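Here come two complexes built around chain A, the first alongside chain B, the second alongside chain C.
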Partner chain A sequence: MTHKLLASGTLGSTASYIDIDVSSYSGYKHLELHTYALFPSTGVGGTKIYFNSDTASDTNYACCYTESNNGSIAGATIGGLYINYTPNHSSSNIPSATTYINNFNVSGVKKPVMSRFGASNMIGMYTGAWNDTSAITSIRLSSWTQSFAAGYSYSLYGLV
Partner chain B sequence: MKLLGKTELTSGAAAYVELTGISTAYKDLMVVFTNQRDTSSVDGVITTLNGSTSGFAIRYFDGDGGATRTGFIGNTFTGYAQGNNVTSLFASTIFIIPNYNSTANKSITVLSAAPTTGSGGYLGFQNLYAPVTSGITSIRLAPNGASNFVQYSSFYVYGLE
Partner chain C sequence: MGIRSLKTASISTGAKRSKFWDQVATPDAYVHISTVTVGAGGQPTIDFGTIPTGYKHLEIRGVVRTDSGNSSDALILKLNGSKSVYTHYLYGNGAPSAGGVGSSTTVGNTINVAGGGRTSGVFSGVWIMVQDHESSNKYKTSMSFGGYYQVGTGGEQAIFDNTFSTTSPITTVSLYVQSTASATTYNFAQNSSLSLFGIKGQQ
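Showing the complex of A and B:
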């Protein structure tokens, strides 16, 4: 088996972030993260990702995106490192994403993040990086604009 | 899903990497690689299957953190080759060759991104049409433009069943 579920979870109540400890997964090369993003209210909702103890600001993160929303196509550079997003969350418009973090525990190289995401009203891709060469030992999924709702879930897979 | 082969550049540079001896025991192949080349701009990664690039073409939809593009061109790229102007940061690519043992032409789905630590970056989806009418047993990957993959570039091929 070279593709294994390492961790998963579902929120039982509202939270502003989710922390995932990956320090014991050194036997894997890449991480694949699946997110199902529920928010308490309608409107904008999204998820940013942070690594290790570098969670206080977006200073060391970079990101850009390409997305399509009801026929319009856009792209831009933005602050912070995002993995999923919707401009108008609802029970029928729930963002999900598959996010890849390659070479996550390799010291000496910065960490690239590649995410494809979608909801009923938008699809797109994010890419970006953590501007640090440390091995990743923890992941924080942080809510943007509004908190995560009960039912927000994630699954983390490791690839050898 | 099983790891069938890998190449990790632990030192030096390589003009290309070849994943060979691919087993026929699986239904689909997945290739995961991270790379940087020894030239200071982003380009594509040339893909050769069973020694052939004849007739290959890609449909792409991608962006650069600003403009978004789509088109169809006659080349053999699967994803981006990161430029070495972005220090210690590598491009990520995943592509899947469904039905790789088939004697019919191949259709390959690609997801790739070449981020930066500042403004911009490249990201997009591609589909590579490859008129190779034999089962895939070897995959050669090379950075475009007479350049070399650098240290820490790594390449993996998995069998899916």
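Showing the complex of A and C:
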């Protein structure tokens, strides 16, 4: 099957991160990750992504974004590799994202990561990279500013 | 009840249990057609050749880098041998003042990609979709999303929309890279790789 669900889950309680093992998916070339982000409190919330055992710091990750939440375009370059974000999470302002990790298990390529994200009051895109050419064998979705709430869900698809 | 087709979920096995439901097995709606990976020395085009028929949409995913000395270059999609005639894009590179929108009727840029002036190993992620490509009465369009980042230096990102001047069914797909500022063409760098997928739909 060309496009297959590899893993999915929904948090039953608050957590600071979610780990996904992709070491057994060497038969796939590209990954596509869908996230529906819930946070315990109102305010800023987001998700950063890490790979393999390189989870201790943001040193080897960075991204830039272009977003709009008021009709004008804003952008910035930031350390860490973000895939979704909201400046003011609430029950009616929930960020979701589709993230592309192409050629995730080839060597020689510092893995580019692209995300399209949005919430009820903003829309944007992230592109970033992991500064490492290793094949990706595991993914960590890490909460930023505040934890993930119960109900945070993800689905990971593999493409040959 | 006629049995039209079977799939394993419809079958109960066992000596005394045999149950068949009237189900239609759905073939894969998303099909890998071809992948081209660039070897040592690079190559000037990624050519998927004549594509099989029977798909509603096409999708291209992969990673791209050029062998130029530039920070970024233009990845250009050709359908039936021709590039697009109109481009519109939303672009950003992380600088608050640099983001914006634009359009072009000359370059035919499908998405900006990392040039060879970037540190070794920096590649762009690329996603391109061509909708309703087998139609014989619609001008063809593509949507693209892509970008790259060189950790410690910077990157860029964009979404592009391209319009092609043909209403004919698309039978060939190829891509090449050139300068964003001139007609100078380059090679795809080694390890660049693009996969072409076909998506089923009502024709």
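Just so it is clear, the second predicted complex is superposed on the first by the 160 of 160 C-alpha atoms of A that agree within 3 Å, B and C clash if a C-alpha of one lies under 4 Å from a C-alpha of the other, contacts with A are read in each partner's own complex, and residues count from 1 in each chain.
As a working rule, a contact is a pair of C-beta atoms (placed from the backbone, for glycine too) under 8 Å apart; a residue touches a chain by one contact, two chains touch by 3 or more.
What you are looking at is a predicted structure, and each value in this text was computed from that prediction instead of being measured.
When both complexes are superposed on chain A, chain B and chain C clash.
Of the two partner chains, neither chain B nor chain C is touched by A:N88.
Once chain A of one complex is fitted onto chain A of the other, the partner contacts of A:Y65 extend to both chain B and chain C. Touch criterion not met for A:S155: it reaches neither chain B nor chain C. In the superposition on chain A, A:T127 makes contact with both chain B and chain C.
Once the two complexes are overlaid on chain A, the chain A residues touched by chain B in the first and by chain C in the second are 1-3, 29-30, 62-66, 73-77, 100, 102-103, 106, 108-110, 112-114, 116, 125-129, 131, 133, 159-160. Partner chain A is touched in their complex by these residues of chain B: 1-3, 32, 34, 61-68, 87-92, 94, 111-125, 152, 154, 156, 158. Remark: chain A residues 1-3, 29-30, 62-66, 73-77, 100, 102-103, 106, 108-110, 112-114, 116, 125-129, 131, 133, 159-160 touch chain B in the complex. Of all residues in chain C, only 28-32, 35, 61-63, 90-96, 98-101, 121-127, 145-152, 154-157, 159, 190-191, 193, 195, 197 touch chain A in the complex they form. Listing the residues of chain A that touch chain C in their complex gives 1-3, 29-30, 60-66, 73-78, 100-103, 106, 108-110, 112-114, 116, 125-129, 131, 133, 159-160.
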